[in-house]
Amino acid sequence: MKISILAFGKIAEIAGKSQWEEIPVQDTDSLRKKLENDFPALQNMSYRIAINKQIIHCNQPIQSSCEIALLPPFSGG
Amino acid sequence: MKISILAFGKIAEIAGKSQWEEIPVQDTDSLRKKLENDFPALQNMSYRIAINKQIIHCNQPIQSSCEIALLPPFSGG
Amino acid sequence: MIKIHPNTVFINGAISPAWIANAIQSHHTQKHTGGHSIFLGQVRMDIIDNKPVEAIEYTTYTEMAIDALQLMCTELEKKYALDAIQVNHSLGIVNAGEICLFVFTSAKHRRAAVDACTELVERIKAELPVWGREIFSDQTHSWKENKN
Amino acid sequence: MIKIHPNTVFINGAISPAWIANAIQSHHTQKHTGGHSIFLGQVRMDIIDNKPVEAIEYTTYTEMAIDALQLMCTELEKKYALDAIQVNHSLGIVNAGEICLFVFTSAKHRRAAVDACTELVERIKAELPVWGREIFSDQTHSWKENKN
């Protein structure tokens, strides 16, 4: 089972893709570590993670059925 | 020389006219007394007086060349 | 600096959505503007002594109103560094459910536009010599008074 | 209660004055409404590193945006006893000088409409998952970030 990732805005640009699958990781801290290893530019920017469209505010476990979204700072309006 | 009076809204209704001339009076307090004698309904309502389009805030002398306006409470917007 | 003229402020009867669209169209192309704030005042079917207000008939003291509005706009334009201001007020009969006031402000940043619009609406209610005669369905009427 | 749907919120490209007129037309006939407050956000030709912004390209996370907007509107509708709320946001390219955000609130009393509109705009800026890519005339770009 893999976990599905959605990336938006600057993160999609950095990753060169807006949707992909990752091998399972235990929690969001581990995911951040993995992503910032794969895409070092992420280390220099702030972004939030949403699990099933809910922004998380601390480290959270990741189930394989989750939809994970990587959200750069909003700039609507 | 007479002084010219403009009346608006409820005051025009009370006076039955929106424009007329008054015999000269010395100041705005005297004018109020004269008007409230002619139109007793004015005694029961609040209204302001403008001289040459400027609202006055205390008793003011009246020159015969003035344009006097009687202003009930505003209700625009 | 904005110049207020009688025939660009007062409108005979209700203000239409098409009029509002034209006003927006005429202001919205300034490229350094970031936000527009608009207030629309509408005649409300208030119930007074059990009688619904069917319409309001507005009158004004034109010369004094133009002077008052010119003063407000000049002060607010400077205070908020506005890119645009427009005010329209109805005269004559406006039915309940129709628009009688249009206030439009534009500025580089949204808070200036919003604060200027809010302040201008409050000042119009308090300082603009306009009178509304509320007309009921039985053709009786009462004189509206703005409260603070 | 207001229901937010993806295809009634997001608009492809700039929001036109005609669209705004239609929105006003569709809401303005409620006879117990006394005021409407409208905010229009416009793409500003900011100068960044000496280069003017020619356009902004907007993208969103649609499902999350709809959920977020539904929550905001439900909360504000109740808090301010609103008669109507409408929000539109552009997606795709919007040129400098064009409108990208339309926020509309109606209430019995003007202060409720104005306060609700202001609060909704602030919340949209802070909570709506929308991203703007600022495009310069030399086809380089930068990612916009809303500040509080």
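Note that the chains take the letters A, B, C and D in the order they are written out, and that residue 1 is the start of every chain.
Definition applied: contacts are C-beta pairs under 8 Å (C-beta built on N, C-alpha and C of every residue); 3 or more make two chains touch, one makes a residue touch a chain.
Owing to the predicted nature of the structure, the values given are computational and were not obtained by experimental measurement.
Placing every chain at the mean of its C-alpha atoms, the farthest one from chain C is found to be A.
Inter-chain spacing, taken between the CA centroids of chain A and chain D, is 26 Å. Separation between the centroids of chain C and chain D, computed from CA atoms only, is 23 Å. Inter-chain centre distance (chain A to chain C, centres taken as mean C-alpha positions): 49 Å.
Of all residues in chain D, those touching 2 or more other chains are 41, 121, listed in ascending order.
Every pair of chains in contact is given here: A-D, B-C, C-D. The touching residues of chain D, when paired with chain A in their complex, are 41, 58-61, 63-64, 67, 89, 100-101, 121, 124-133, 143-146. Residues 17-18, 20-22, 24-25, 28-42, 44-45, 96-99, 108, 110, 113-114, 117-118, 121 of chain D touch chain C in their complex. Chain contact summary for the complex, chain B toward chain C: residues 6, 8-10, 13, 50, 53, 69, 71-77.
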